[in-house]
Every structure is written in structure tokens, then in C-alpha cells.
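Before anything else, here is the set of structures, which you'll find just below.
What follows is a pair of complexes built around subunit A, which joins subunit B in one and subunit C in the other.
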Partner chain A sequence: MNRKLLREARLWLVAIPVLLWTLIPIYHIFLFSISTKDSAFSGKLWPDHPTLRNFGIVFRQEHFYLHHFWNQIWNSLWIAVAVGVLTLVVATTAAFAISRLKVRGGRTVMNAALFTYFIPAAFLAVPMYKAMGTYGLLNSRWSLVLAMVTLASPYAIWVLKQASDKLPWELDEAARIDGATPLQLFRLVYLPLMLPSLVAIGTYALLLAWNEYLYAFLLLSHENTIPLAVGLGHFLASDDSPWEILMATALIYALPPAAIYYAFRRYMVGGLTAGAVKS
Partner chain B sequence: MLVFGVFVLYPVSYGLWLARNPASYQKLFEDPVFFRTVVNTIVFLLVAVNLKFILALFLSGFFVHERKWIRWLSVIFIIPWAVPAIPTIFSIRFMLNPEWGVINSLIFRLTGQDGPNWLTDPRLAMAMAILVHIWKALPFWTLILMAGRLAIPKELYEAASVDGASGWQKFRYVTWPSIRTLYVTSTLLSLIWTLGDFNSVYLLTGGQPADQTHVLATLGIRYIRLDQLDQAMATIVVALPFVLPLVYFMMKRLSADEQKAS
Partner chain C sequence: MASVSFESVQKSFGATKVVHGISLDIADGEFMVLVGPSGCGKSTLLRMLAGLEEISGGTIAIDGRVVNDVDSQDRDVAMVFQNYALYPHMTVRENMGFSLRLRRESNRVIDKGVSQAARILNLEPYLDRYPRELSGGQRQRVAMGRAIVRDPKVFLFDEPLSNLDAKLRVAMRAEIKALHQRLKTTTVYVTHDQVEAMTMADRIAVVNDGRVEQFGAPLELYDRPVNLFVAQFIGSPAMNIVAGALERTGDSSCVRALGQRWPVETTGGTEGQAVKYGIRPEHIGLAGQGRGGIAAEVVVVEPMGAATELVVRVADVSLTVVTHGRANLRPGDSLSLSPDAGHAHVFDPATGRRI
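Entry: the complex of A and B
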């Protein structure tokens, strides 16, 4: 009995630092967002008068940094959805062509996809910036959409190809014998079977785009086109920026992706670990 | 595939073409910031990746315990990975603010002394950037290593217990041989991704003070901001000899797996 207790105590000894380490920065955001300016800096663990006033300021765009808040959140949403949809279109068709139709050069495309997946996005940013300038897309929301689709596709193609390789060949053969064209095969057989993977990949691309900061601030600078991520960055322009309002905005920005992540966690973690454990 | 051509091949080759100018390299090497950046990058990589994986290895052993509350803890533990980088990194940045941040307030209240200048001392600032990186990336790798541990058949541990193996011996002779390949692959992949970690450094320090805390991933962006595209490109090209062998190695590993699987 004593030994069992000792083992439990040892587990808690690990658990408590882990919990604190994980939660303190998160709690710090939350604490600031419900504090008034004066009490935010008092160092208390819970404010004397918790308030939702900061959120009101954000939603009514009452602060200098927030004049375009709704516009920016709309941009974030628009960009994220566009990236999710376009990535799905590109990756699904590519994976179908490579895995089911066995087009020539499929292996090369797979290798190229893996190659770009492994090169850190921060290094591709410089040539991407230059290329978008050449295409005349700088400061258009499309530049960020296209850049993010480029970054999301390699992983998406790879995962979807792995998933579609697992579908039984007999289905394709049966459909072909019944006279299905490749397009019908794609629409009627392939897509329904791939649905779980498609949900996972769509979510992955959506979150990637919503969370992106580097590309967003490189490619977009006009206040009407920037997403919320860049808007948040503007708060740092001056030293006396209102932390409590920034934190309230940051919380609003972080909640949707966190919620989506947890809602689809089963798919996301499953897909990721399946890929990693094999290797 | 067209998308691929237009947005990957073209920028990459165009970038290489831009970077053909030898003068930009000379300028780059003469920039004192560059040398500092290379040193920073190497320190960042060595410390961050190793520390992260030792912690991940240890914590994955903790999270495989079958308790309900540990499963709940793992759900909380993944938060840093699940939320976007900006809010949390800003939060940490504020916590570390030397005048008003919660950490130095606490130090002042406990000791009556002013706390260190976390983000204006270049060394400390780099150390903090490493901590931020670990805070963010640790959950993911812990999860990966945990999946590796869970794939080990339970019978092996039972057999080891019957033979009277200690906890350390179980790790040494059962766990480690089973997850070694996964550990090495993960470390390499993490090495590449850590090299490309822009957020942890840029959002925390912005390269300040006096451009002393850049890494290669942020230096390229600094040159873009200064409108020196040639040097930005040269920075990336300088990093390529380190990145490409790693990428090549990873690809070999993965395609070897694929052939085994099919």
C-alpha cells in the first residue's frame, strides 16, 4: 500500500510542474483580458473586479489599434476558408491521380512534395515574397491564400496519398467494369470513402492559414487586407500599448482555432501519429 | 501540379538566380550581425532540440501511465501546440517585461531586488527564446514519442518484470531499442523545423537588442524589411548546405519505409 502511494506521489510530482508550465502563459492572457488597466499590473492572481469591459472595447472597435477589428477578423476567416478549400481541391485531385490512376511521374511529384514539406517555411518566405511581387499580388488577400496553399499542399498530398493507398483496389475494378469513367470513380467511389481524411486535411490547412503570422505580415500591409494576426502584431509598435486590450483581442483570436483543434483532435492526432510512428 | 510549378519551382529557382550575385555574399559576411546570427542559430538548435527531446522522452514515459487524470492532463498539455503562436508568445513577452512584467514584480516582492532584464540582455533573451520554442513544441514531440511507447507490446514489459528487471533496465533494454529509430527520425525532423522557427525568436525579441538575437530564419526577414532582397536571399542560400542534407536524409528514410509498407 505504501509503495503504491509513493508511486502515485511521484506521478503528481511530475504532473504539477507540467501543469504550471503549460498553463501559466495561458492564464496570464486570460487574467489580463478580464482586468482593468490598473489591476492588471498589481500582480494579483485574480482581479478584485473582474470585468468584460475589454471585450466590449474590442467588439465596438473603440481603440486606435482596433479600428479595423471586424474587417481583420473577416479577412482571417476568408483567408482560412479559402486556403482550406483550395488545399483540399489541389491535394485530393493530386492524391487521386497519383494513387488511383497511377499517372506517370507520380513518384516525382510525391518526392517534390515531401521535399518542400521539409524545407522550413521561413526560408521559402524570401523567394515567395519576391515572386508575389513579380505576379503583382502583393497586398492582395490572394497572395496569402496562394502562399498558404503552397505550404499546406505538400503535407496534404502526402497524407491523402497514404490514406488512399489503403483503399481496396477491388472497388476501382468493380466500378470500372460497371463502366465508370475516372471522373465518376473519383466522385462516387473515392470522395465518400476518403471523407475522414478530407476533414482532417481541410482542418489542418484552415488552422495553418488562420495561425500564420510571418507570411501574412510580409505579403499584406494595407490595413484593409491584413488578417487579425498582423493586426495583433501592430500592438507592439509602441511601448505603452494597452496590454489588457491586446490580451482580450488575442484571446478572441486564439479561441476559434483551439476549439476546432479540440473538436477534430481525434482525426488530427491520429493522422499525424500514424505518419510518424511508421517511420 | 501547375500550382506547384508556379508557386514552388519558380520562386525557388528565381531565388537562386537572384542570389547569384557574389557581392551580396561579401556584404553578408561583412555584416557583423551575420556572424552573431550564425552563432545564435547553432546554440539555439543544439540546446533547444536536445533539451526538448530529453524532456519529451521523459514526459512520454509519464503520460503512458493509465490513469484517468493523466489522460485529462495530456489534453491540457497539448494546448500550447493547439493555439496560435502570437497570443501566447506575446503573453510570455509581457510576463518577462523587466519593469511591469509579472515575473520581475514577483522577484521584487520576494527579494526586494530588481529582476534581470530578460529580453534586453542578448544572452538571456536567446535563452528565453529557447524556452518559448520548447514550451510550444514539446507537447507535439511528447505525443509522438508516447505513441511510439504505446506501440511496444505489453508482454515485453511483463516478461522483463518476471525476470526482475528494474525500471531503468526496462527502459534500457525494452523501451529504448523499440523507439530508437523513431527518436532519431523525430530529432532530425525537429532539427529542420527548429532551424525554421521564426515565431519564437521574432515575436519574443524581434531580433533586439541591437540585432543581437537573430537566427537565420529571422535574419532573412530583417533584410527584407531593410529592402535588401539580395542579402535576404544570400542568407537563405547560406543556410541551404545545412538544410538540404537533412532533408535528403529524411526523404530517404521515409521512402524506404514506403517501400517496406507496399
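Entry: the complex of A and C
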């Protein structure tokens, strides 16, 4: 009994600082967003006159930096969803080909793709900019989508390939004998069984694109094409930044990823293959 | 329904040859069992027939049509796997109807096929359940149902009962056999369990080391094994084998082994030739002490009700004896064995062949 208590106490001793470490900045954002401009830097744990006015300013686009707020958040969403879907298409088909169809050279391709992670993404930004320029894609949302799919795919392929490898091989054989073509096998057996991993990887790619700043900043420059992440950066262009409004916008920007993660959390750990084969 | 024929079929994985030119003819409607120790190539043979493995040499024909280069889905065979291989995201109904759905049959045809198979296999109450909600035996029945629905030319079973517990295995054995008697579909069944092979097969092919040792009816294999491997593999408890030399006196023969004379009815072989003498446990009669038989000492008595299994020792060699009914014996008792000459087997120790 005592030993259990001790073990739990030690766990709390680690957990509480970690929790505070993560939550304090978020609380700080929240605090700023409900404060008036004057009290934002007062250093209090709760403002004297909490207000939701900052959110109203953001939603009504009533600030110089926020004239394109709805447009930019739409860009963010459009780009994130496109990256999620495209990454899934690329990674799922690749993982299926490598893991299930055992295409010759498949593993080499996957390893080569993973190898690109040895080069920091920041180093690739300039060649990527050059490439997008060559294809005339600069300042188009597609440039960022393609760049992000490129960055997300190697990891996505690797994760999905690992997950595919765990599917019982007999299912493919049973389907083949049942008369399934590789495409039917992919659609009717592989995809439904991979669903948890697909949701996880789709969410990963989506959040990666949603949170991207560097590439978005480089590839997109027009106020109508940039995502909100870059729009937020513009707040810091002046000496006297409206911090309370910046933080309100940041909080709004942080909500969709949190909601998505919350909605799909069971897929992040779920297993659908129970009962397929005797284990 | 169809016949199946293997013609000098070979299989190599890289430089390793696992099937060395096997030829077998399976008649239309026959229940054929491939039996052998693990790693003998029997499953590989089945998988080649299913189209899941390439054929390295020779030909396999289904209903007279060579299928070497025909895809699995076009061979019209159905397979039941050891681990069931049910689609976990589909209900029993969807699992069983999957092949018909792939063939783009109408819902009416699919429903009819599935409910017919479900009725045969007593799966009707479970049609809307998922595989994870079923017991092992039920899952295996669903796997069989999936095969039946397709009404294929050939059923393939790859050790379908190995994952079930002993009692269920016996029940499913009878169920599969009854199913075959009802459907009369040509069946190829792979197992490492010789009891399964003996009880279910019309004919058995004993496979060892990528070769067929013997192919014939179960009792033919039991009564006249062509070599030592088959003699020892078929039958439970296994055949007793002792090493000795052939001895002829007039027109009667015997084998001199363990300092005793073991009667045989063989006509082959030469005087003094080294042989292996084989006798099944139930072909050794018991007599009281000093009745002119082979003197032995009881080591273990295993009463099983209908029969009694004894382990006896003759000159430091342990032999198994099965006697009907109950034996009033205790460990340490002396007794005299009288092997039945008509059921004794003699093998060449070098080649293992029957003499």
C-alpha cells in the first residue's frame, strides 16, 4: 500500500510541473485575449475587467491587421485539408504498394524518402521556392499544399507501411481467392482496416500544414492568399503591437486543431483488427 | 466439382528446394488429405494449388485445365485458413457474401447463397455479428461458410482445426466430413495430425521432405505401409520398431531381435539380412509368464476403459502394447508377448522400404 502511494506521489511530482509547463503559456494567451489593452501587461492572474470585446474585433475584422481575417482563416483551412487529403492519397497508395503488393524496389523508395529528413526543412525552403517559381506556382495556395505534402509524405508513408505490415497476410490471400483484384482488395479490405491509422496520419498532415509558418511565409505573399499563421506574424511588424487582439486571434486559430484532435482521439490508439485471425 | 492433378510439381524458394516433383491425381468429389510433419511441403503444395505460390516446375490441373499461370481468383477454388482469415470489419453475412459481391451478383442471389450456407452450418443466429463476437469454432464455421457460398470446384483446407481445442476439434472433424458427404465437392485438406487424416480422408498422401511417401486409402496405409516413415507416422500409438536379422527355418520365417524370435510372414529378403521389424501395439497378444512367447516386463499400465495401453520392456527396449478390455497387470509383472505374424512388417534398414 505504502509503496503504491510512493510510486503515485513520484508520478505526480513529475506530472504537475510538466502540466504547468504546458498550460501556463496557453493560460497566458487566454489571459491576454480577455484583457483590455491597458490591463494586458498588468501582471495579474485574472484581469480586473475581463472582456470578450477582443474577439468581437477579430470576428468583425475591425483592426488594420485583421482586414482579411476570414479570408486568411479560410486559406488556412483550405490548405490544411488539401494537405491532409493529398498526403493520405500519396501515403496510403504507397504503403499499400510497398507493404501488401510488395512492389520491387518499394522499400528503397521509402528509405530514400525518409532520408530527406536528414536535410532540415529550412534548407529545402530555398530550392522549394525556386521550384515553385519555375512552375509559376508562387503566390498560389497550391505551392504551399505541394510543399507540405512533400514534407509530410515520407513520415506518413513510413507510419502507414508499419501499420499495413501488421495486417494479417491471410486476409489478402483470402480476398484474392474470393476473387478480389488488387484495387478491390485496396478499397474493400485494406482501407477499412487501415481507417484508424489513416485518421491519425490525416490529422497529422492537416495539423502540420495548419501550423506551418516558414514555407507559408516564403511561398505566399499576397494578403488574400496567406494563411492566418502568416497573417498573425504581421501583427509584429509595428513597435506598438495590439497584443490583446493578437492573442485573441491566436486562441481562435488554436481551437480547430484542438477540436480535430479531440474528435479523432480514439482513432489515435484504436485497433480494428480484433477477431481477424487467431492471435 | 472437379478432378485435380499434380504432375511432377516442384517448388523452390531461392536455392532451397522444398517440393521435389510430386505427382498426385485426385478424383472428382474425393476428400484427399495431405499429411506430414511440419515443414514437409504439404502447405506449399496446397498454396500452389490455390494460386498463392508460384509453381517452380511441373503442372497443376483443375478439371483437366492447367492452371499454372491462372490467377487465384480465376481458379474457382475456395480456401479455409488455419487462422480463419475473416474480414474483421464485415459481419458474418458480409464475410460470407463477399465473393458473390465481388462477382457483382444481385442482392437476391447473395442473400440466398448466404442463408443457404448459414443453414447448413447453423450460423443463422450469428449473421449480423462481427468475427470478434464469435468463438473459435464459430469463426471457423464462418470461414467454411465463406467457402461454401461460392460453390467452388475445389475446397482447400489448410490445417483448419489446429487452433481449436481438442473437444471442438473432434466435433468440427465430423462436421467437415458430413459437409463433404452432403456437398460432394472435391476437397484437399492439409493437416499434420494423422488422426484427422485417417478419420476424414478418402485417400491420404503422406508427404515427407517434399516427396509423397505413400498415397492410398487410410486403411491401406495403416495395413501395408510402404516404408518405415509411413509405418511410424500413421497410427497412434505408433508402431513398435526393433532392429534384427532375418532368419528362415524351412518355410517359416522370423526376425531375430533383442535375443528373441519375432514371427513374420514375409517371403522377401535373404537369410541373415539386417532388417527392421515393425509390429503395431494392438497386434501383440498377451500370454501369461513362460508360455513360449517373448518374455517382457511391464513398465507402465495405462487403463483407458475400452482398452489398456501397456509399456513393456524387452531387453532394455520399450514397446507399446494395446490390449482390449482390462488387463490385471502391475508395473514389474512379467509376461509373455505373442506378436501376430500376419500383421508384422519388415523393412530394409538402409532404404527404409518394405521387404
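Just so it is clear, the second predicted complex is superposed on the first by the 238 of 279 C-alpha atoms of A that agree within 3 Å, B and C clash if a C-alpha of one lies under 4 Å from a C-alpha of the other, contacts with A are read in each partner's own complex, and residues count from 1 in each chain.
Note that a residue touches a chain if its C-beta (ideal position, glycine included) is under 8 Å from a C-beta of that chain, and two chains touch if they have at least 3 such contacts.
Bear in mind the structure is a predicted one, so any value in this text is a computation, not a measurement.
Enquirer: Could you tell me if A:211 is touching subunit B, subunit C, both of them or neither one (first, second, both, neither)?
Expert: The answer is first: A:211 touches subunit B but not subunit C.
Enquirer: So, A:14: does it touch subunit B (first), subunit C (second), both, or neither?
Expert: first
Enquirer: Now for A:193: first (subunit B), second (subunit C), both, or neither, which partner does it touch?
Expert: In the superposition, A:193 touches subunit C alone.
Enquirer: Between subunit B (first) and subunit C (second), which, if any, makes contact with A:71: first, second, both or neither?
Expert: Neither partner.
Enquirer: Does subunit B (first) or subunit C (second) touch A:139, or do both, or does neither?
Expert: neither
Enquirer: In the three-chain superposition, say which chain, subunit B or subunit C, touches more residues of subunit A.
Expert: Touching more of subunit A: B.
Enquirer: With both complexes overlaid on chain A, does A:176 touch subunit B (first), subunit C (second), both or neither?
Expert: A:176: touches subunit C, not subunit B.
Enquirer: Determine, under the contact definition given at the top, whether A:253 touches first (subunit B), second (subunit C), both, or neither.
Expert: After superposing on A, A:253 lies in contact with subunit B but is clear of subunit C.
Enquirer: A:184 contacts which: subunit B (first), subunit C (second), both, neither?
Expert: After superposition on chain A, A:184 lies in contact with subunit C alone.
Enquirer: Regarding the shared-chain residue A:168, is it in contact with subunit B (first), subunit C (second), both, or neither?
Expert: It touches subunit C, and subunit B stays clear.
Enquirer: Share the list of subunit A residues that count as touching for subunit B in one structure and for subunit C in the other.
Expert: Residues common to the subunit A contacts of subunit C and of subunit B are 272-273, 276-278, listed in rising order.
Enquirer: Sort out for me which residues of subunit A touch subunit C in the complex.
Expert: These residues of subunit A touch subunit C: 168, 170-171, 173-181, 184, 188-189, 192-193, 272-278.
Enquirer: Which of the residues in subunit A end up touching subunit B in this complex?
Expert: 11, 14-15, 18-19, 21-26, 28-29, 32, 41, 43, 90, 94, 109, 111-116, 118-131, 134, 146-147, 149-150, 153, 165, 210-211, 213-214, 218, 229, 232-233, 235-236, 243, 246-247, 250-251, 253-254, 257-258, 261-262, 265, 269, 272-273, 276-279
Enquirer: In the complex of these two chains, what residues of subunit B are touching subunit A?
Expert: For this pair, the touching residues of subunit B are 1, 3-4, 7-8, 10-12, 14-15, 18, 59, 62, 65, 67, 69-70, 73, 75-80, 82-88, 90-92, 94-95, 100, 102, 105-106, 109, 135, 139, 143-144, 147-148, 151, 181-182, 185-186, 189, 192-193, 195-199, 202-203, 206, 217-218, 220-221, 224, 229, 232-233, 235-236, 239-240, 243, 246-247, 250-251, 253-255, 257, 261-262.
Enquirer: Which residues of subunit C touch subunit A once you look at their complex with the stated criterion?
Expert: Its residues touching subunit A are 50-52, 71-73, 77-79, 81-89, 98-99, 102-103, 130-134, 136, 139, 146, 150, 163.
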